[in-house]
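Both of the next two complexes hold subunit A, though its partner changes from subunit B to subunit C.
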Partner chain A sequence: MSRFKGLHLEPLWWGLFSAGGVCFAVFLPAVLLVFAVLAPLGVIHLNMNALATAAGSIWGLLFVGAVICLPAFHAAHRIRHGLHDLKLGGGLWSVVLCYGAAALISASALWGWLALTSWF
Partner chain B sequence: MAYKAPMKRSWWLQHAAFRRYMLREATVLPLVFALCCLLAGLWSLQTSAQFHAWQQFMAQPWVVAFNLLALVGALYHALTFFQLFPRVMPIRLGEKQVPAALMVVAQWLGVVAVLLAMLWLATSGVLGAWQ
Partner chain C sequence: MSEQRFVQVEVVRYLPENKTPEKDEPFSQFFEVPYTESTSILDALQYIKEELDSSLSFRWSCRMAICGSCGFMVNGTPKLGCKDFLRNYPNGVRIAPLAHFTVERDLMVNMEEFLVHLEAVQPFLVEEQQAKAQGVQKYTETYQQTPAQLAKYKQFSNCINCGLCYAACPQFGLNPEFIGPGALALAHRYNLDSRDHGKAQRMKVLNGHNGVWSCTFVGFCSDVCPKKVDPAAAVNQGKVESAKSMLIQMFKGNS
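Let's turn to the complex of A and B:
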């Protein structure tokens, strides 16, 4: 059901899925350890001003793409096919729901990055 | 009419390999939670009050537990993904095939390098420091 008036979208979903899979494996362990485990446990003290400056740079955009957007599309693809494995959903609505959620998360992340840049 | 083999929704419970497959697929569920946490963190960087609130949210035991699960999920995904890579994309250097084990080790070295770089950024004073 990935056809849209004869347009095959599966290569796009698969490309985002595999790029997101690499990012999930290579970048997420480090990011989650630092920002979601060690910092909340009080082992690391984060400097908010330095983080905001770094996040609003071009490196911040790369970070957002590799750590939020691509893994979101990876997750969307797996959830879509996981639903099919569980004989749930299928058809257009799971496509719209899964990739739509990933697109929303990505758009929000890009907007959040833009809000931190100096030219906004 | 052709015979269509019946397949129950619980088909994946019948074999250990199927269960491992479904477990691997399920590693993205805590990942989605963690991505939303990181997204909230990005948005919270606009004011110090919001950033403080985000830090308090992240320090709650159930949030740390879910994020730890996401970390374990990421490592399990990496474990399975790295074994897959040499089979999907075998690399040849001249006449010789690069051994699969070497490619797996190289990928783990990449993970460790990113981990050390991130830890250095977060603890050397660039983005933060040891508490």
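Let's turn to the complex of A and C:
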């Protein structure tokens, strides 16, 4: 068992946090601009049929990963360390709560993608 | 010649001999200190000690930002007393002991709390030690290093062990067991040195919860560092190294 001595999961959470941070910075502003500003304002018109097809493809999966799952884990990590900074624990319950929520969000997003694919 | 002006200097003091069972607290003392363009915070303290109140205690030595002994909180920010000037505070200034450390007396804190962490990361070239263990008394050849090998760690080698980054780090404030920015930067400096062979031993310290992983990338340590060491960058490069080292350990076992 000595090969697992002193190991902990922090590098995993940090890895997801870093990847999520990149996605947050690179993809989310563009996504928000298109779907939350330009489309509702009628500046651009989205072809919903084409969008649904694209969402059901591998691109949809990448979208879910880069725009929902990884940013969710990024946010969870921030919130967990924020709780620690506010002296509100940092123990197991915050790990379960924060990453649990991120996992739940990711799982439902992936389920949504699966529901969109033709092979479902 | 620049004209002489006066500014109010508040010094936070603590005298352990005055402590009673009911009261054991620091108190503020106010002084009017004359200053010119070139009066440093350390000059002000020396003026106070020589002219106004000789009971004031503080540490200093080089007066040129190289010994690292004159760290204080100046208006709440960790600064070297000899590298910060009264002219920056025309409306008055408050000098207090470095945050997050135990105060021994007036502006002197217990630096031991930083030095234990420094010691833990073995901030020296480890090969010499190994050589001694093997019975080699002294290397007869000098170490050779290319400019490129030097450039890898040079930035991180400028640390003067002043402890300002510890006073700036909220994580060290919450958890005094945290190895902390300065020591982690030095660990990184030696890990990057082509002449060193101590990385495996250092990684054991860095990998733990109190090692690099206690850092939440606040980054204030790099802002206050008087030598531009950028400990925050060192710690976060250390996270990459630590993640690698833990992965390797998982697959290969402890080497």
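The rule we apply is simple: the second predicted complex is superposed on the first by the 112 of 120 C-alpha atoms of A that agree within 3 Å, B and C clash if a C-alpha of one lies under 4 Å from a C-alpha of the other, contacts with A are read in each partner's own complex, and residues count from 1 in each chain.
We adopt the following convention: a contact is a pair of C-beta atoms (placed from the backbone, for glycine too) under 8 Å apart; a residue touches a chain by one contact, two chains touch by 3 or more.
Since we're looking at a predicted model, the values are computed, not measured.
A.B. asks: Touching A:His74 in the superposition: subunit B (first), subunit C (second), both, neither?
C.D. replies: first
A.B. asks: Is A:Pro40 touching anything from subunit B or subunit C once the two structures are fitted on A? First, second, both or neither.
C.D. replies: first
A.B. asks: According to the contact criterion defined above, which of subunit B and subunit C contacts more residues of subunit A?
C.D. replies: Touched residues of subunit A are more numerous for B.
A.B. asks: Quick one: is A:Val26 in contact with subunit B, with subunit C, with both, or with neither? Answer first, second, both or neither.
C.D. replies: Only subunit B; A:Val26 stays clear of subunit C.
A.B. asks: After superposition on the shared chain, which partner residues are touched by A:His84: those of subunit B (first), subunit C (second), both, or neither?
C.D. replies: A:His84 contacts subunit C only, not subunit B.
A.B. asks: In the overlay, answer first, second, both or neither for which of subunit B and subunit C A:Ala66 touches.
C.D. replies: So A:Ala66 meets neither subunit B nor subunit C here.
A.B. asks: Would you check which partner chain A:Pro11 touches, where first means subunit B only, second means subunit C only, and both and neither mean what they say?
C.D. replies: second
A.B. asks: Looking at A:Leu51, would you say it contacts subunit B, subunit C, both, or neither? Reply first, second, both or neither.
C.D. replies: First partner only, subunit B.
A.B. asks: Once the two structures are fitted together, what part of subunit A is touched by subunit B and by subunit C alike?
C.D. replies: Common to the two interfaces on subunit A: residues 81, 85, 87.
A.B. asks: Taking the complex as given, what residues does subunit A use to touch subunit B?
C.D. replies: My answer: residues 21-22, 24-48, 50-52, 54-55, 64, 67-68, 71-72, 74-75, 78-79, 81-82, 85-87, 105, 108-109, 112-113, 115-116.
A.B. asks: Sort out for me which residues of subunit C touch subunit A in the complex.
C.D. replies: Interface residues on subunit C, with respect to subunit A: 170, 174, 204, 207-209, 213, 216, 239, 242-243, 246-247, 249-254.
A.B. asks: In the complex formed with subunit A, which residues of subunit B make contact?
C.D. replies: It comes out as residues 7, 9, 12, 22, 25-26, 28-29, 31-32, 34-39, 41-43, 45-46, 48, 51, 55, 58-59, 63-64, 67-68, 70-71, 74-75, 77-78, 81-82, 107, 110-111, 114-115, 117-119, 122-123, 125-131.
A.B. asks: Hey, which residues of subunit A end up touching subunit C in the complex?
C.D. replies: 2-8, 10-11, 14-15, 81, 84-85, 87
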